[in-house]
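Shared between the two complexes below is subunit A, which has subunit B as its partner in the first and subunit C in the second.
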Partner chain A sequence: MTSMTRSFTRVPPILLLFVLIPLLVEGFWVFWPAVQGFWLALTNWDGVSPPRFVGLDNYARMIDDPVFHTAVTNTAIWLVLFGGLSAVGGLGMAVLLQKERRGVGIYRAALFVPVVFSLVATSLIWQVLYQPGGIFDSSPLADPDTALHAVLVPALWRQVGYVMVLYLAGLKGIDPGLYEAATLDGATAWQKFRHITWPQLGSVNSVVLSVIVIDSLRSFDVVWSMTRGGPYHSSELLSTYMYSTAFQSLKLGYASALAVVIFVLAFGVIVTYLVRAFREN
Partner chain B sequence: MDRRHFLRVTAAAGAGLLVSGTASCATSASSGPVTQAAGTATIQSNLSAPAAKAAIDALVKAFNDKKGAQASVNTVASETFRTQLPSYLTSANPPDLFTWYPGALLKGYEEKGLLLDISDVWQTMGDYPQSFKTLSGKVFVPTTYYWWGFFYRKSNFAKWGVTPPKTWTEFVELCKTLQGKGVIPLGMGAGSDSPWTASSWFDYFNIRVNGAGFHRELLAGKQKFDDPKVKAIFTPWREVLPYTDPNGTAIGFQEATTAMLQGRTGMLLTGAFFADAAPKDAIDDIDFFRFPIIDPNVPLAEEGPTDGFFASAKSPHVKELKEFLTYAATAEGQEAYIKASSGTVLPTHPNAKDSGTPLVTKGRQHLKEAAEITQFFNRDSSDALQPTADAALVKFLQQPDQLDTILTTWQKAAEQVWSS
Partner chain C sequence: MSGSTSSGRVFHAVAGTISVLWLLPIVAVLVTAVRSFDDIAANGLASLPQSFTFAGFADAWTNGGAGAMWNSVLVTVPTVFLSLALSAAAAYALSRFEIPGRRSIILLMLAGNLLPPQILLVPVSKLTELLGIYDTLFALIVVQVGFGLGFYTFVLQGFMRAMPNEVQEAATIDGAGPVQIFWRIVLPMTRPALAALAALAFTWIFNDLLWAITVLRSSAVMPVTPALLALQGQYVSNWNVIAAGSVIAAIPTVAVFLRFQRHFISGLAVGAVK
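Up next is the complex of A and B:
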């Protein structure tokens, strides 16, 4: 016991430095700019002149900005489809591939491979698949009615593999004794899933939820490299709109306000869920 | 070096980095350190394509070989360059020179006092035509420019038995003939990552119907996009829409180029730079013709985007950078550049030799005949206005019957850009 207290109190100063310096670096290069973002959202700034304080004008402007409305709707669609389908698909694949059979590793690896690719490379592959005269007569990326969904497919293709791995790890942690007992009691496969697998996956679920909410709100590269939010803003997400507002239109104040909206959405969804999850426990 | 020593050194370096970071301005997110050796002017370059990079390297080498002041190039991906330019210019220790083009963005920076007045370099550029001088103001040195036109393959036109048109009527006739032969007459690459190429059509219709003066005023916010005069230019455009590649908003610029080179489309309205990526054996087969005259009473204008250099007002190497700019403006400097490039650009110095191919000679003549030169949509307006044009024009290509709504929306979006 004495030796343990000693080791706690006498942290070598060099180790302390190794904790404090990264914290300071992180604070300065990550937290401080993030805080500045909130301030910039209240200004008009072109990146060159000093920012001009405009109060809540940037937020007021969102109310009549048709592109913002499209971006919000699309982000909501994206959150539901991308989040929902990747969770369902990932869980389904994990349950299907959970048992150790011969060759199951190949299937797991095959589903995981898209996660390894960079999203920009992935979108290049899909762009070729979508070429007019390929699978489709005309490219679904060019049609404003289908562009968003056409971009969603490659994003899902990647995310399902990722979520599957999270669930596979979760499934491995379930005590096989529970299933044996259930089999003895004559439970059906569905009953086993409903009453053993699902409740046991509770903690993994909150991880998966956080991951998919964050990933869908920061989905950017796949959309930007395939459509740039077009044709005429039909596949615009909040993230792509924020980027083009900041770096094409050089309206950094308005773009910061958009970033704040994205932050509030991500934070809001996750905190609500976590609070509920903790209460249930 | 033992472990303890290594750790101490690393920790000290980390702390040092932090302190220097805190000391510099928080908004100056410079990407990558810029070496500021004494007496060397650094050039921040966005010419990252292999041929263009070779060209600027050749120019700098020729300059350095003169054993006067020295210069060095720092090449950055063009998208990074564009998004970081404000940070470069406002940082405490900016690069000395930048590759760029004249236009609204440069004017804005000039008004904010971020750019160096290089009027004395212009003193050495007496041979330059007034048009370049007007374009550049006191802060820019133009070195190269290029032209736009309808490019086609001579062998294909011969095979189809057609000749380049002069007037609008002939142009429409040509489209009709080609369509009759089962060829898509007009290529378009306004999909994927190049919706901006649709703006070349807009620019040309506007300078052919309303003239370059109106076009500039419109792009500067002194006219409106929902003006009847603007609406009028879409009438001839509609006339040729049935001859335009129906996949024109689905494929990008590269694919559209390939389609034309492979003979799937008859011709493509594009800048001469497209030849950089064309196979060598195709280059000799390429020719172009002028965007047809629609109203003979409108003075002839052509797009001739100009590129060159400007300098930061904060540069400590004023003498060196001016020496470099003076050299870049000479015929010798421009010939060194063009020799190492893919050869489709024209020198701005009137006596400098171009690459001498028939295509380039014709291109130079093509611009000489024009009474007015426009730059391109984003250069004559701003990069901020370009996305509004992309949205409007791609929508027009897909839903031409929505023209009225498109133009009102465009005007609103443009006002948003101008107001901020």
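Up next is the complex of A and C:
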């Protein structure tokens, strides 16, 4: 790689601008606010009077905050169910629709169409389906026992097609000769999956895992549009709790601390993703 | 050919059933959207349609839909253009020249895009207030450009790095400067990647809710996605209008997907599997 660019060692000054301008834009709208976010998490702020430094009080407050506990539990459930089921469903559909054959393009497109819908449109579609007098006698979104799962279904409906595409791209890289040889040896479909497909998908699996964790922790739109985290916080995720704490309760310091918690949860995955990106560069 | 074998029949039965189940919610919403309010009120959502009307579409469109669609155009087009222009320039410099610290810069930019947006919401909202651009489409554009840059730069520099060096060398010998080489040679060769990212960026930005409700407040400036939430509040239990609104909101991204299907899918795969 270095030999390729060696003849261009001298960097013309204009190219520094090519890098600096985007870097400054991102610095101003991402890195600078991120630093402020960590700082605000150590303050008490209503957005009007100046922020007051309170040290780690916001974090201490979480310990006694029942809504925070619910949001953490729900975020964990969301990570396992949304992440796990979309991975299993996406992989299953990718394996089913892996081989190029007649009609396979239509099936792939059918699973993929929801991916291009916004999560708000998706949630309205499902709200129509959930209405009393339709499939259900009373909306599962109105019942605290079922609200979280009722939100999960539309989120999965949209995510499975996306994960399927990631796995289809990975499956394309597998040498078809391996399958032919296995067929000649009389291998069953399961044996082919277990001994050819799965081992070959190693790097795709780790990518899918990162994407899923990052997406799960970011999930906001679908819950916000369907339930706003209710009823009685039963479908509250950390992301929705953070938003309502910031922009409805105007507790900006506490909301920032909640955002830091989300950051910490995502941190490991972000670093893994960056390490892989670094290795490939 | 495989359709005649029994394994082919099983495949089509399984894949066909799943596909139909997957499309069923869309069909249900399309049907609801063309029913009249009175029909739904009298017969219920589950009944077979007894009416056919575009009144729901007309209501959704005239009560904010048209304005919201225009706002979405005003946000999405400049955001996609600016994001790709800036990130292509950065990617060119970072991939074809020995910029000091280039690897760290690329990863830093990508890291910014991987941050959970929640950590940025409060500061970004306050920053736009401070600059006097809160509640303007301009704020939404710059915020989304800033947040997306890292990802687009990362993908584009990978693509540009894989280009053969000879073209650039030949152009340099012919006296072309770095900007000319970028404009005349590298950018045209990057078109497939740019098309894939443009299709992806379009849907992401058009579908955004979080940034919009963080830096915007007035319904007059809301793009389609947040406006759809407002429509839901305004037309409680007018399910034909809500269904029609969802259909209208989905049309632009479905159109982009159908038109750029190949680019779109390859973009998704590149973004993650790279």
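In the analysis below, the second predicted complex is superposed on the first by the 258 of 281 C-alpha atoms of A that agree within 3 Å, B and C clash if a C-alpha of one lies under 4 Å from a C-alpha of the other, contacts with A are read in each partner's own complex, and residues count from 1 in each chain.
Here is the rule we go by: a contact is a pair of C-beta atoms (placed from the backbone, for glycine too) under 8 Å apart; a residue touches a chain by one contact, two chains touch by 3 or more.
Just so you know, these numbers come straight off a predicted model, no measurement behind them.
In the model built by aligning both structures on subunit A, subunit B clashes with subunit C. With both structures placed on the common chain, the touch criterion links A:18 to subunit B and to subunit C. For subunit A, the partner with contacts to more residues, out of subunit B and subunit C, is C. Of the two partner chains placed around the shared chain by superposition, subunit C is the only one that A:242 touches, whereas subunit B remains out of contact. In the superposition on chain A, A:101 makes contact with subunit C only, while subunit B stays out of contact range. By the touch criterion stated above, A:124 is placed in contact with subunit C alone, subunit B being left untouched. Once the two complexes are overlaid on the shared chain, A:114 sits against subunit C while remaining clear of subunit B. Contact with neither subunit B nor subunit C is seen for A:198 once the two complexes are overlaid on the shared chain.
Applying the stated contact rule after C-alpha superposition, one finds that A:36 touches each of subunit B and subunit C. When both complexes are overlaid on chain A, the residue A:254 reaches subunit B alone and has no touch with subunit C. Legend: residue contacts after superposition of the two complexes on their common chain; A:46 is shown touching subunit B, with no touch to subunit C.
Overlap of the subunit B and subunit C contact sets on subunit A: residues 14, 18, 21-22, 25, 28-29, 32-33, 36, 47, 127, 131, 133, 225, 247.
Against subunit A, the residues of subunit B that register as touching in their complex are 4, 7-8, 11, 14-15, 17-18, 21-22, 26, 82-83, 86-87, 89-90, 108-109, 112, 114, 191-193, 195, 246-247, 249-251, 255, 383-384, 386-387, 390-392, 394-395, 398, 409, 413, 417, 420. By the touch rule above, subunit A contacts subunit C in their complex via residues 1, 4-9, 11-12, 14-16, 18-19, 21-23, 25-26, 28-34, 36-38, 40, 47, 93, 96-97, 101-104, 106-107, 109-114, 116-121, 124-129, 131, 133-135, 157, 161-162, 165-166, 168-170, 203-204, 207-208, 211, 214, 217-218, 220-221, 224-225, 238-239, 242-243, 246-247, 252, 255-256, 258-260, 262-263, 266, 270, 273-274, 277-278, 280-281. Of all residues in subunit C, only 1-3, 8, 11-12, 14-16, 18-20, 22-23, 25-26, 28-29, 32, 44-46, 86-87, 89-90, 92-94, 96-99, 103, 105-107, 109-127, 142-143, 145-147, 149-150, 153-154, 158, 161, 165, 168-169, 177-179, 182, 203, 206-210, 213-214, 224-226, 228-229, 232, 237, 239, 242-243, 245-246, 249-250, 253-254, 256-257, 261, 264-265, 268-269, 272-274 touch subunit A in the complex they form. Contact residues on subunit A toward subunit B in their complex (touch as defined above): 14, 17-18, 21-22, 24-25, 28-29, 32-33, 36, 44, 46-49, 66-67, 127, 131-133, 138-139, 141-142, 144, 225-228, 230-233, 244, 247-251, 254.
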